[in-house]
Structures are given as C-alpha cells and as structure tokens.
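Every chain is named by a letter (A, B, C and D) in the order it is written, and numbering of its residues begins at 1.
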Amino acid sequence: MNLYEYMGKEIFRKNGIPVPDGYVIESASQLKPFKKPSVVKSQILLGGRGKSGGIKFAKSDADLKAAASELLGSKIRNLTVTKVLIEDMLNIKKELYVSIALSRSDREPVLIASNSGGVEIESVPQNEIFTKKIDPLLGYSDFIGREASAFMKLDPEIGKQFRSLLVNLYNVFVNEDCELVEINPLVITGEGNLIAADAKVIMDSDSFFRHKDIVITDPEKTPLELEAQGKGYAFVELDGKIGVIANGAGLTMATLDALTLHNGKPRNFLDLGGTDNVDIVVEAFDLVLKANPKAILVNIFGGVTKCDTVANGIVAAKNKFSIKKPMVVRLSGVHEEEGRQILKDNGIESYPTMMEAIERVVKVSEVQ
Amino acid sequence: MSVYVDENTKVIVQGITGHQGSFHAGEMIKFGTKVVAGISPGKGGTKFQDKVPIVNSVADAMSFSPNATMISVAAPFVKDAAYEAIDAGIGIVYILTEHVPFHDTMEIVHQARRKGITVMGPNGPGITVPGKCKIGIMPNQIFRDGDVAVASRSGTLTYEIVEAITRSGMGESAVIGLGGDPVVGLTFIDVLKKFNDDPKTKKIVLVGEIGGNNEELAAAYIKANIKKQVVAYITGRSAPPGKRMGHAGAIIEKGVGTAESKIKAFNEAGVKVADYPVDVPKLLR
Amino acid sequence: MNLYEYMGKEIFRKNGIPVPDGYVIESASQLKPFKKPSVVKSQILLGGRGKSGGIKFAKSDADLKAAASELLGSKIRNLTVTKVLIEDMLNIKKELYVSIALSRSDREPVLIASNSGGVEIESVPQNEIFTKKIDPLLGYSDFIGREASAFMKLDPEIGKQFRSLLVNLYNVFVNEDCELVEINPLVITGEGNLIAADAKVIMDSDSFFRHKDIVITDPEKTPLELEAQGKGYAFVELDGKIGVIANGAGLTMATLDALTLHNGKPRNFLDLGGTDNVDIVVEAFDLVLKANPKAILVNIFGGVTKCDTVANGIVAAKNKFSIKKPMVVRLSGVHEEEGRQILKDNGIESYPTMMEAIERVVKVSEVQ
Amino acid sequence: MSVYVDENTKVIVQGITGHQGSFHAGEMIKFGTKVVAGISPGKGGTKFQDKVPIVNSVADAMSFSPNATMISVAAPFVKDAAYEAIDAGIGIVYILTEHVPFHDTMEIVHQARRKGITVMGPNGPGITVPGKCKIGIMPNQIFRDGDVAVASRSGTLTYEIVEAITRSGMGESAVIGLGGDPVVGLTFIDVLKKFNDDPKTKKIVLVGEIGGNNEELAAAYIKANIKKQVVAYITGRSAPPGKRMGHAGAIIEKGVGTAESKIKAFNEAGVKVADYPVDVPKLLR
C-alpha cells in the first residue's frame, strides 16, 4: 500500500531520518501563521506533482493562504487534493536519489542510489546509478554505504550523514515491512545537512497484522473497493461495462483478458477466492451490482469452490437483488452438472467453457 | 525420481487439524499421496482420519522420515513453521498459506537456499505428479498421466489449463504452482531445469502473469538450454498499469514486467504464446 | 564478566522477564519496612549460596533486620558480602531450569532447559535436559520453545509463558552480548506464574564499547587486577611468589605451567601484549611489584615486541622503583643480542632460553 | 596449493594505513607475500610504500583478483569489514584484530560458512607457508622450509615452538594460528584435514590450551583419520579453575576443557604431549 508523503515522513521522523519541519492540513482554516518561506505540497499519489502544479511556494502569509486554498479541493490528473503538507523551504545545494526496494527476482532488498536526484530515476543513465543487493539474513552493513558514498563521490561529512541515514532507511524498510522506501530528492542543503525532501513508502498490506498501531485507509482505493476490502474480497473497479465474478486471481485476470480480446470491456475484477459458501457469492453480486454493469459474467472453475454452491448463490442473489440485467455463467469442474441444472431450473443461462461464456456476455452487453 | 516428488515421497502436514489443512490432507490421501504424519501442537498422540498420526512438532515427526511438508498455518505463523521444517532438514517445504508478509518469505527463501531446501509457494497450489504424488490443493480429478509438464504462477487458471490439456487427450507429467506472491521460492528457471531433466516430460507449458521478470528470464533460459517444446500463456494483458512498484521497481527489473514484454521475450525464444487458456493444447504439437 | 544476581535481574526486568519485586542494600540502615515474607540474598558470585548460609528468610521485620545485619559484612567461602538483595518470597510450586549459553565448538548459542530446576544442572540426568542450537543468523524462533515445552511437558498456560520468556531471554543474550544467561530456578508459582528466582548473566567484556551505559566493575577482580585492567593489561593475581611478565597470553600461560612443573609458584599472570614501548614495560613492573613477589621472571619472545625495548624498560623500571629483588630475564627473537647486552651492562642476568630462566628463577626465589 | 595459501596467493589488507596494518603489511611484503592492494576508505588513489595501490573499498580492490584478505581494523568495525570481504567473495578472511565481541564473530563465521569462505582468527597470528606466503604477524625470521605443520591457538607461544623446531634442524611446511578468542573461524579438525592432504607435510604439531573442546575433538579425529605423526603441547595446566563459563558451559562441552582432559584425549589417540614448548622437537621423531 502506497503511503502519502506526509505519512512516509512521519515514519522517517520516528526513525531518525531528517525531514523538513512541517504540518498537514485538510482546510485552509488549519493554516498556522506564516513564519518562514514554505512549500505547499498536494498530498496525492502521483509522480511529477510539481510539473502538474501540485506544489506551490509561499514567501508570505498571503502566498501561503492563496496556495493552500488553491490546492485544497483542486483536481490533479483526476485526483482530488484533500490534504496539503506545509513545510519549511529548504536551501537546496544539491539533490540526490536513494531508495531501498524489493527485487522480486532476487528475493532480496536492493539499495539504489544516485548523485542525480530530483528527476525520475528511470531517466538517469545506468552508469550514474549505484545498485547493491542486501542479504535479508544479514541486513544492512556499513560497507554498503561506503561503497555507495564512494560511487556518488560524496564529500566525507555528507557521506557520514548519508551512511547514518541508510542505517535508518533500512530499518524502516524492514521494520515497516516495505516494498519500497524512496527519497527523491534527498537534499544537501546550503548548511551542509542531508534532508529527505520527499518520501515514497509502499508497505506490504499482508504485514498489517503486525502494524496494528497503523490505521490506514488505502488512499488509492475507491469507496467501493474499500467496501470490498472490508468484506475480504480482492476487488478492483475498471472502466468497462461487464461485471465479472470469477474464482482465483489468475483465472479472474484471464477472464478480463479474454473479454478484452473479444472487445468486451470489464467493469471490475472480483476474485471469489477458494471458499465454498453461498453467502460469499451473494455478497459478491452485491458489490458488482453497486458498480452498475450492463451485464454480469460469472466464470467458475470448481475445485474447493463447488459449482452447485456457486449456482445456489447466483440464484439467491438473483432473487434477493431482483436482478434483471443479463447474466452469463460458466461452470466447470467439481459438481458442474448439478450446478448447471440448478441454473437451468432458474432460467439462468450457463456454459461449460470459458470461451462460450465470454462470447455470449460480450454479445448481450452490446445490446444493453 | 519424477519432478521433485514421486510415489516414495513421504509428506507431513503442518497444521493438519486446521480447516484448510485437514481438507487438503484428506484430498491428498485420496489422490494416493503418502501422508505420514500431521503436526498440531498440543494434539500429539491423536490421529487424523483414524490413520495418520498427529504429533506436536516437526522434530517429533522425523521418526516417519518425511521428505516434504505442506504448511497450512495462519500467515503470522508461517515463518516459524517454515524455519521449523528447514531446521529439521525436510527437503521440500510447500507453503499453502496466502497473505504471508513477503519480508518473512524473503528470509525463509534465503535460509532454505543456505540449507539446500526447496520452497514452493507461498500462496500457490502446490505440486502434482499424476499417479504418484500430490502435495497441495489442486483438484484431484483434472489430471491424466502424460508427458506435458506445467508450471504456473496462478492457481485456478492452472486447473483450467490442465483440464484443457487432459480433455484434449494429452496428459501431464508434472504440474507445479510457483505461487502468486511477490516473493516465492521457485522461479520458472528452477522448474525448467527439473522439467528438462525429467525423461518423462516431452512438452512444457508455462503460465505466467504480469509483474516481475520471471518470464523474461525464463525465455532467455529456454532459448539457451531447452530443446523440449515450450508453450506459454500470460495473463494480465488487459490489466491497467495501476499498481506498480514505484520508480525503483522499474530500475531493478529494467523496464520489464508488462504482458507485452513477456510475450515478446517468449516469442523471441521460439515459445508460442496462447491468446486464451483453452488454446494451450492446440499449440502443443 | 560475571554479573551479580541483582544486576542480572535488573536486565531481565528491562527485557520483560518476570522477576520477584525487590531491592538491593549495602547497609542494614537502607532496609525498608517489612511488608511480606521476604528472602535476603547475599550478592556474591558463587553457586550454592543457600547451602553456604548466604540466603536467609524473613517472616517478620525483626527477621529481616537480623538477616540483613548478619549477612552484610560476613564472609562466605572467602568472599565478603557487601550487598544483599531483599525480595518477596515466592510461592514455589515447581522449579525449572533454563539457560542460553555460547557453545564454543559450534560457534552458536545453545538453549538448555529442564523440568528439573533448583539443583546444579550438571547433576540432572542427560535425558532430562533439552538442548537446541540456535542459528545466530536467524535467531530464536517459536518452534524451539514449542519443542522445549513439549520435552518438559509444560502445561499449555505455563508453556505459553515459557515461550514468551524465551523470546526475551534470547534478546538479552544477543543485545547484552552474553556468554551465558541462566535462570535456575525458574519458578512456577502457586498462582500459575513463571518467575525468574535467580539470574546468572555473563557478559562479553570485549563488547563493552557498545554498552557504554553500563558502568560495571568486575566483581570478581581484585583491586590490583582492576588497576591493571584500567591500564590495559591482562593481569591475574595468583597465590605463589614469583612475579611473571611475559608477552602473549599463550607464552605467559606456558611460563606459569613451566614454573609450576619446576615447583615454582607464580604470583601473577601478566601479558605485555604486542607493543613495543618502554613505558608499557615500566608500568608492568609497577603492577607486579605491588603484588610483592619474592623474585621476578621476565620471559620475552621478541617479535612485534623487540628485545632491546624490553631491556630498556627493565633497566628503567629497576632504576625508577629501586628494585632489589632478584630478576631473571629471558630474551629471545628480534633484537635479542642488543637486549641482552643492555641488561648485562646494567647488572641484570639474562638467558636465551625459557628453560634456563625458569630453572634460575625458581632457584633464586627459594633462597629469598 | 600448499596449506590454504601458496606463492600465487594475492593478499589485500583492510586497514593498511593503520598502525598495525601498515607494519605487518610491510613485513609480509619483506617475507615475499604478494600484497596486491590495501583498503583505507577515503585514501583511495594513494600508495603504500610507494608500490601497493590503496583503494577505498574491497569492491574496488577486486580488480586485483585477491584470494585472501587481512583485516586489521578496530574491533567495533571488524564485523562490517568481514562482511565486506565475504560479500566480495574473497576466499580467505584473516582477522588480526583482538577484542572482537564474540557475538560478531559468531555471525561472521556463520555467514562465511554459508558462502564457502575460510575465516582465520580473530586474535590469531595468521598463516605462514615458508618460502611462499605469510599472512599475519608471525616474525619472518623464525621459519625454515620443512615438513612439520603447526597449528596453534596461541601467538607468541607458537613462535617459541616454531623457533625450537627450526633450531633443532627441522623446518615447517605450514604454521597456522587459529586465534585465541572464545569463537574463531577454524578448528583443529579443519586444519588437520588440510595438513593431511598436503603432500609436503610429514609431521604435525598442535598447540592447544585449556577451555572448549577443540583438542578433544581433534584427538578423536586424529585417531580415526590421521596417519602422519602428531605431537601436541597444551598450555594452561597450572591455571586456577577461576574463570569458567558457568554451569551451562559444562553441559555443552560435557565436562571437558581442562588440561588433563585434553592431554588424556591426545594420549589415547597416540599423540605425544610435550611438557615444555622446547620439548616439542624432541618428540618429533
């Protein structure tokens, strides 16, 4: 889960990583009186906020009020700004880049650092980027920071601050169960201090059982997605018109792919998971119906989840929600025959193969 | 030895008295798997289905000479259970559990590698060698003994493809789920080596998905090392770019990870990529 | 370094290991009013304090005062009691044993636990002792505690407390750089709680640079040994009459061995170390002279420590301290000839081999 | 290859600009050791004794293809330096430094074992193969090329015994100090294997001391595996029992660790034990 900059900076502060003094507001009335030249930063999860006008500078109280009022409630690339972070402006001498990220292929953290910060790291030439794998059984050791500092040609005093920062950054990565901790830019100030001017932190949501102190609503989820999450479904809203219910993330994704290849646009991703419970199916329909699709496709490969259970769930949902929209069901695998008989008895069309069901649902959705 | 397991593989189940553990242990026994013991702390001395002895710890289960374990405990306890199995020196550690924090998995995988132990999963369907051994949660009835080996990053989708292969009249020499988590024990390359060395396997199917560079690395490996026919299917073509690993991910995996990148890599390695799961058997000549 | 029980318990308390309520006093005037039945425990570093009369029980205020007054200042097997620990008496239902210790041969920590506590663990039959190596790169994991609990046949509730205690005990072992953390007895109380009734903690003195908060004077060292430690020498007082200065721990120990085999008893162990500095030699003489030996043996194999430097140091010490006691010097190795010439010029006898010097010093010490 | 090192061994020195590091690096060069680079963070680009390049990190030194490193940095920094060398994959990591916390050494030794790397020390004199290579702090002038291999837990005492061997007219094939700390990288058994495999070595001397059970394990190993003549010396016979590891130590090492126990074990293995260091050459037949 992606954290807002201000949340990441709060974690940094607790872990001894220097960040600018600042505070967050949700309304201009929460502004404190102007003291120092400040930066007003929209809290949205997008790269290139500055270029999109999401960051403003204030050299006076009037500036500050204007910037906060203008940003709060504004839309940046479709995202509404609900919070802004007010921070002391830094006296920037140089901008560096540093991050620790999971490398899926190596199954270990990788330190990435560059003397060229403040720009997208993808745009920095490979030979200006230092990368080093970190063994998770050993953790971070100072030699890694020495190698990085030498690569980046940091002067000794900044190098010392940088190595101390890396110790803390690795602690954040491990202790907060992160997929990514990124500081870009990491600023060298005119006063000779190293300060994290930005903070990008992605936490592993599977780790939240050990971070019970953290109550975070994933800022990237829609209200319907949050509702689904609360009910334990993997659910993603998309911009098409065919509602989808399937079982297994891979099969669900394959269903969306097949729809798309048939010029049918899915309205959502919904993975029923491996349960064998009528209520779970009914609840899934509730979610999909709230997304208001033109037609609904159910694609089940029965295993742990048995086809007759799903069929009973579909019938129950149809009755409960008085569903009039076209529904196309594919049932295959365990208790397939029983399931299809139940559907037939209730006037719901079903198919034994995915392809037939896909073709059919695309067709019926087009006439809606 | 077939691929990883065979008819002599003795399996224990950590968490055999849990909801998932007991159901799948029962299915495995029906399949013919030699389930020699179950672990359930505090319940040692009882039996599972009146046959399989239940003991308190993996150490206690070692008298049954297990070669493999299935871990089916709640996510917060998986790391400890895996360390217990690795400490006991069990050669194959399959983790059924989903939602294991990947930091835990990183440590498990590194520790297993240090001790020469294979980790399957977490969050994968396990391994099946038809007629010999099943460890995991794949439905028993979809398999037929044959010469097609399947490796997949997915669960249900694997069954879909395996069933399509079986329906087409072919059969499987081995089916392995790598697991759907960001960090898992096996890569396609690990499994390809096993498939290549298995005399029974004549054809190979890889079921990949977006994210990571596992498929791209596999494609390069196939080009250089595999003479057997390989067919692939990639899911996630239609997924919006939405969830990404931030900028750093792109640097680590050098711009790969999209469906396009994976399909291109496979095509360049002479691997045909099916548009739909059901097309896989058609591409297997 | 061996810690007193009360120090160990303070560390336990900070790390969440339950210990009885209590306090330490150095004089009976520091006694608090009697509240509950109490144990009064002499703080000395000896096993079997109870048997030696070092532990008393108090059921009244009068008992308490009598016990504290009696123990403070008393001698137990040659050690003077300077501190006593007053603790609430426990309602003991059962006594267990647990420790984590360094295994030198395996180079890793070993957990040792037994259902039979309260007695010397050496006296417990091997088949009643649970041992398990702990991989230092992984640390403690709960399955170890589960195995131990099953071995010890602990009931589930006590087993749970025990496993939680092991987490904390391993943290103490690692975070305090211990060679040994031992709880014997670990008491199961009538109320069903697990409490550490004793604490034996041995810390690695080489780790003290990262435990700067801990200021501990090694309770097992004599004042002269503490003085030597402060000056950076490895110095141990012994009960013989021949003062010894040598270089290298092995050579120094071999010198003591050879003296002993020749019926000469060493007064001390002093390892000059690998330095090449006249002042270090003079300072060493100062320490040895304070131990008041009958004769002094210097045994040097010159390498990093050069023989002429040592010779100059001996001469300087002889003059500075007006040494009249017989001195026998063995010099061999780098700059041997120069060194022996310097000694000869100053009337100090020297030999090229260890055996000659040993024989000679034993002989001259006998006539003193 | 002789024992661990030979004339082709390329050595780097971590901490070459320190007091100890520079002195001993100089002596090693005089001995004939190929010192290919020194490490001193921040001093990269300069030279040691106008010849040996100094670089900022072990990574930077890898262009000189080193096989071994000598670590001579202050105790608090040893773990990091050792991890740096292990990370770079240098096969022999010799730690000169004394007073390294043994918890650090435990981790170093386990990590090195995981990566197949040999750790010598800490707090030992290093290794010398006369005429070929010296890494460490043994005095250059005490050696003569010969067929006696010496392994010792001590420093100065080793020199005493080596010099006695040399004076007696014999010479050494290799001399190794294991290190005097509670936890060190090598055991007598590790070294005995090397001595046994070395065709040049005909006779073996072990210099042990009280504490631990390294000597007892070695004695059992010798009895079972070593045909070459072995002679031992044990120091600490006269040491008062004073410093012990507490009761737990006795359990772990099963009552061994005293000089008597070690001498008895050696005698039972047919290993003669010298009363005085100077007697060692007399016992070498």
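The criterion applied here is as follows: a residue touches a chain if its C-beta (ideal position, glycine included) is under 8 Å from a C-beta of that chain, and two chains touch if they have at least 3 such contacts.
This structure is a prediction, so every number in the text was calculated from the model and none was measured.
Fewest steps needed to get from chain B to chain D, stepping only to touching chains, is 2. Each of A-D and C-D has its own count of C-beta contacts, and the greater count is at C-D.
Each chain's centre was taken as the mean of its CA atoms, and the one lying most distant from chain B is C.
Averaged C-alpha coordinates put the centre of chain B at 54 Å from the centre of chain C. In this assembly, the C-alpha centroid of chain C lies 27 Å from the C-alpha centroid of chain D.
Centre to centre, using the average C-alpha position, chain A and chain C are separated by 56 Å.
Annotation for chain C: residues 137-138 touch two or more other chains. Annotation for chain B: residues 107, 111, 114 touch two or more other chains.
If you sketch which chains touch which, the pattern fits none of the simple shapes: not an open path, not a single ring, not a star, and not all-to-all. Under the contact rule stated at the top, the pairs of chains that touch are A-B, A-C, A-D, B-C, C-D.
Every residue of chain D that touches chain C in the complex is listed here, in rising order: 23, 75-76, 99-103, 105-107, 109-111, 114, 137-139, 141-142, 152-160, 163, 180, 182-183, 187, 207, 209, 211-214, 217, 233, 235-240, 242, 245-253, 255, 275-278.
Those residues of chain C that touch chain D in the shared complex are 2, 47, 99-105, 107-110, 112, 120-122, 129, 131, 135-137, 174, 177, 179-180, 182, 184, 200, 202, 204, 206-207, 209-210, 220, 236, 238, 246-251, 253-254, 256-261, 266, 274, 301-304, 332-334, 353-355. Residue ranges on chain B touching chain C, taken from their complex, read 41-42, 44, 56-60, 77, 79-81, 83-84, 87, 107, 111.
Of all residues in chain A, those touching chain D in their complex are 135, 137-138, 141-143, 146-147, 150, 156. Chain A meets chain C in the complex at residues 137-138.
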